[in-house]
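Same chain, two partners: chain A is paired with chain B first, then with chain C.
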Partner chain A sequence: MSNAYLTYAAKRLGQAVVVILLAYVFTFVVVSILPGDPITSVLRNPQNGFSEEEIAEIIAAQGLDKPIAVQLWNSLSGFLTGDLGVSMRSGRPVSTLIAEVLPSTLILASTGLAVAIILAMAVAYGTQFVPKRYGQGLLRGFPSLFLSVPNFVIGLVLIHVFGFQIGLFRVINPDSFWATLFAAIALGIPVSAQIAEVLIANLDREAEQEYAAVARSRGIGRARLFATHLLKPASLPVVTVVALTIGELLGGSLITETVFGRTGIGSLVQRSVSTQDLPVLQAVVSLGAVVFVIVNLIADLLYPLLDPRVKILGGKKRTPTTADEVSINTTKAVAS
Partner chain B sequence: MTERSSLLSLSRRRLLITTSVAAAAALVATTGFNPAQAADSPREGGDITFLIDSLGDTWIPNNSAISSFQGHIWGHVTDKLLYVDADGKVTPWLAERWEQNDKATEFTLHLKSGVTFSDGAPLDATAVVANLDIWYAGRKAEGINPIGLFPKTYDRAEAVDASTVKVFFKKPTLGFIPTLGYHGSILISPKSIAQPASEQADLSKTSGSGPYVVESWKEGDHVTLVKRKDYNWGPAAVGHTGPAFLDTITYKLVSEPSLRVASVQSGQADVAYNASPQELKSLKEEGFGISTPRYLGFVNGWAVNTTLAPYDDVKVRQALQAGIDRQEIIDTVYTPDWKLPTSFIQSNVPGATDQSALLAYDPAKAEKLLDEAGWSKGANGLRTKDGKPLEITLHSNPYLATSKSVDELIAQQLGKLGWKVNIRAYDVVTYGEKVKYAGPAVPTYEVTRSFIDAGTVASILTNANNGENWFGLGESDAKLNDLRDKIAGAASLDERNPLLDELQHYILEQGYFVPRTQIVQRIYVQSPTLKGEVYNGVAYASYYTAFIAD
Partner chain C sequence: MSFVTTSVISGSRSRAWLSAFRVPPTVAISFLVVAIVIAWSLAPGLFTQYSPVVGIPADKLLGPNLNHWFGTDHLGRDVYARVVYGTASSVSSALVAVVIGVVAGGLVGLLAGFFGGWLDIVLARLVDVLLAIPKFLLAVIVVTAIGFETINAAIATGVSAVAIFARVTRAEVIKTRQATFVEAAFLSGGSRSFILWRHILPNASRSVLPLAVLQFGESILVIASLAFLGYGDPPPASDWGLLISIGKDYLKWPWLVYAPAFITILTVLSVNRISRWLRKTD
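Showing the complex of A and B:
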């Protein structure tokens, strides 16, 4: 492990911390400048019968009338010492709220990722070995199709067909095995598109390499060629793409949970947004930023270790194949 | 509707309706569905599922007891000192009897003995004092609010002995006794009250003395209640005092109204809360139980802002009063389960009087009043005065699902008289910020509010004593002030009732309050086999007395 690598790691880590802090402050400012907060909206419920004076008094008693800068400082100092605060809506500690719903979202997101990877592999394999006249072109169109159908549409169709018509799961029991699987499929399909796109592009490139031609000329089977020769070099950029799709998985799970009626981070966010529950929103956004940054950090740090061609050089001189460059290439591949 | 078109329209609601209605129809066809010929003797055991659109925000008892959602759970987990039935009749519950002094400033409550909270603590005088104190004051710095409608004249309470509580008020407070049966006045174990707010917010850490205890709950998902076998202190008024019949009640959150109803239709759940009024007729024909209990409170209607021209003119307000066809609202938006208003308070409130004559639909009278007030009709059918149009902006109440439909109908009715009507529908948060009683640019504030005692009504209409100044009158209407002070100071119902009658007449005659319909804020659709539930004065269903008939 060279000094250059450690410097690189430290730099990435520093950037990660800055991103997380910016996400935290940004959420605070955006939610704070919107009118209203959950405490006043509970107090303003006409059934409560509080006068404006009483509302102002209660707000002041909780320190919610202080300037935004002071409130930001208080919440930021809490956040930095690991205290996520208390939900303004429910009055419960934010960490408890998140711990209560996180398992459901993790199950959904990890199943969704597994579905996405399997689907991407299947599509990519097909594009290499299904003959053109049997619909290879169609298969190559799948990623664009998957990406362009929003996952709530997929979710609704799945609920309609498998929940109501076939009756595999009951809509009022969304945590059952089948309901979870179909939610994961709805979530995984759009995510698989990005992975498949990059995988196909790289497989195409690798398939034209001399070593592949040699292997083919020696009579190696298709499946073996795919698994032992093409897949490994082609999947290196995929590591970066998978890391990038974590954001997609988290964002998509918010929608998927709502469609399937699951109680996870998504429904927590939905409730918190509709009542402007600032502490919860900040915690969830920061948590999302932390997960996203860490996963990408791991991908970036792993990259030089996985691929000996990728070298991190300190100082002025940089080779054209650093992790950054590869990330840019793969992003282009996704865009294309 | 074909399935193809519903798929193409990409509407989840429609998808669910289509498919679930189809499923329900299939079930009805295959099972030869018949309304149960129930033997109406209660049967032990059974579990029910109650589908609800939300489980509200917080479970801190003081902050949540008045919520339309959490109130269902509190009604089963906790008891009250007094019971108030759907007609506002006050009867003993955990307070077996009570006395007051002549001036209604001191009350003595005698408690039932042997009552315990589910954490084992006795429900004695000390516990009641702890509850009265927190209802009045809350713990504001901690985020525990006072109970908004608890009398602000409260001074202190003392435990005379284990079963006697003496309560003192700074001024006559005839409303104290009925308030003890109000949904905010739930008795919580002193141990739970002593907990910090963040622990009170955890429903499983709060103990009441009710017939059910919380078995499990998950925020935004469900609350499951299980019966308490040693419960033996139900209110005599409901005709049963022992343990409940049903073993468990599960409140499950299903936010889609059509899915709630379809689940009950298909037998997957027992009660669906807040169905849309339009569905009720056909559900009734299918044999499902429909309940539209009215709470004790204000009718649904407008508090008119007299600080905003032209509503400072009594003639314009009276034209508004006469220009609304209330029967058409019931025929169009609602069903015959809804009732015409007879005053600005619901007709089941003790002390409400029949002022229907003031609320008759009379477009000719309305036009005449507007002409007299100087608002002349132009060629386009709109009225103007000094070049300004006769305009009204209605802010639909986000707490009442049908509010906007009623606004749209009224817009047509007033349009015929020459009014230019604008409708704004905000979400709850924005509404709370922008729409206030007598607020700038708010000509009419739509009221949906329950109360237990009509005596509290007068005091919130003006701005004296922390009142809410509903009509923007401040202290300017001497007659209203006079009635308010006399009602607040009345020491007996005989003295108070004629004053309440005068108040109702005056408010409506002046056009300060424009009623729309009597309000039904809670709609229940239930399986035909579930019987025996009771609705209280705030229209909550209690399944304490309910059972599943064979």
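Showing the complex of A and C:
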């Protein structure tokens, strides 16, 4: 642990805190201010069917009669002390609502991530071993194909083929092993395309390096060259890419849960959107931002420790693989 | 002598110009697909005689056949006609999303990259905030805030794309700013706004174009996802995502899902192929 690393870590930590706070404020502005007056647009909406007394009660409980700056301050200080507020719709604490559905989404998202990483590795490493004549092009086409498929379509195809035709699982029992696995596959495939894209680009770049040419000239086999020389440097930057896909997993689970009829964070968001339950939306979106920021912070802090080539000078990373630039590179890699 | 040299230069130039138009076959097919999709959205009536809204109940749930290329749905409506008529809002809304992303993101990136200093720091943090909120969740809350309509779904998608355009534009602007010819322009007395418009903007926008095309494909997907969840125009609109969403309740008749899904995938795949080609030829 060098001094430079600690300075860098402290700086990144500070940035992360600022971003989380600003993300909360931004979400508050979008959720509470944009729809105009939440009292009339939500509570008096005949669809929600509140009586006048109930409306008065909710206004008092939520503090909706106070100026917007005071509301923001109360909401933000509550958030910082772990109080996520109370659902407008059911009157129950938002944290309880989230805690109820979180395990299901965590199972789905982590299985989906595992599927994504395994698939991406299989595809990317396959491009190094499958000869051009036997479908290397097919493997190379995998990322761009699956970045063009909406993930609800993947889910529906899986349900149609494996649920209806083969009968491996039943849609009315969404928490069974097979149903969860296929939901995770539907969620994981688009994510794996992103990871595979970066992995393939890295492997190709490493294979062209001088050290690889030297190794080849020494008569090293394809498999050994891959295992002892290319694998590690090509795979390390993927840590930051995986961290960036966390947002994709969260957003994708919203759709996947709808398609597979699962209860989870996604279905909670959907329900809150249709009933305009603003405190729940505020909490879920800002927690999503918290998760994303923390995961990326960990990836950024871990990366210089994993990859000794990365130098930290004066608290600044001098490497082409900071999370910032990877995000640009992944977008560009799709285009290149 | 000088005449010969110029003619040689202009000759090689025109050859380079010609070779730039020699496109690989997959790219040609992609352009064809995009052209058909644009034609569908401009004049849907030319491509089908059926109505997308009124069906013939006696012909309900027919499989794909010569009269109904994509079959018919539960109300006897021709699915091909529904897809063709749904193109306009599916594709033009993606265009709206890209324009919002490019203009707003580009402006932020341009200002941050060109002026630097505290403005850059403030804008960079704002972009970080936009990036930190998962993109699809951001689109969902924005569309919730402004109302469930396809055009609002497009705006929401555009907002969620602002950050990435801001980042890429900023990086390009900084790269261009350090170029020798920009330094020369400053030294020869060019004003800031002149250099910004005349030198920085054209050079930075060159690499934004493939990204914008790519984002167009992604916007089609995001808007389809929002329509799938019911956050776009309600039926009888026939946005591609909505068609798939309706079809999912009739999985026994899978063409109701597969036909609009096939068109969506084909369109996005073509757009992505064009984007990749643009990037390579640049």
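As a convention for this text, the second predicted complex is superposed on the first by the 264 of 336 C-alpha atoms of A that agree within 3 Å, B and C clash if a C-alpha of one lies under 4 Å from a C-alpha of the other, contacts with A are read in each partner's own complex, and residues count from 1 in each chain.
Here, a residue touches a chain if its C-beta (ideal position, glycine included) is under 8 Å from a C-beta of that chain, and two chains touch if they have at least 3 such contacts.
Being a predicted model, the structure only gives us computed values, none of them experimental.
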{"item": "First (chain B), second (chain C), both or neither touched by A:I255", "value": "second"}
{"item": "First, second, both or neither for A:A283, with chain B first and chain C second", "value": "neither"}
{"item": "Chain B versus chain C as contact partner of A:V86, first or second or both or neither", "value": "first"}
{"item": "Which of chain B and chain C A:V149 touches, first, second, both or neither", "value": "second"}
{"item": "Touched partner set for A:H160, first chain B, second chain C, both or neither", "value": "both"}
{"item": "Contacts of A:T27 with chain B and chain C, given as first, second, both or neither", "value": "second"}
{"item": "Partner chain in contact with A:A243 - chain B first, chain C second, else both or neither", "value": "neither"}
{"item": "Set of chain A residues, in rising order, touched by both chain B and chain C", "value": "35, 152-153, 156-157, 159-160, 164, 259, 276"}
{"item": "Interface residues, chain A side, partner chain C - complex", "value": "15, 18-20, 22-23, 26-27, 30-31, 34-35, 144-145, 147-153, 156-157, 159-160, 164, 246-248, 250-252, 254-255, 258-259, 269-270, 273, 276, 281, 284-285, 288-289, 292-293, 324-325, 327-328, 331-332, 334-336"}
{"item": "Touching residues on chain B, where the partner in the complex is chain A", "value": "3, 7, 10, 12, 15-16, 19-20, 22-23, 51, 57-60, 63, 66-68, 138, 140-141, 143, 145-146, 148-149, 197-198, 200-202, 218-221, 252, 254-255, 259, 263, 268-269, 399, 427-430, 432-434, 436, 447-451, 460, 466-468"}
{"item": "Residues of chain A touching chain B in the complex", "value": "35-36, 38-54, 57-58, 61-62, 86-87, 89-93, 96-97, 100-101, 152-153, 156-157, 159-160, 164-165, 170-172, 259, 261, 263, 267-268, 271, 274-276"}
{"item": "Residues of chain C touching chain A in the complex", "value": "125-126, 128-138, 140-142, 144-146, 164, 167-168, 171, 210-211, 213-214, 217, 221, 224-225, 228-229, 231, 241, 244-245, 247-248, 251-252, 254, 257, 261, 264-265, 268-269, 272-273, 275-276, 278-280"}
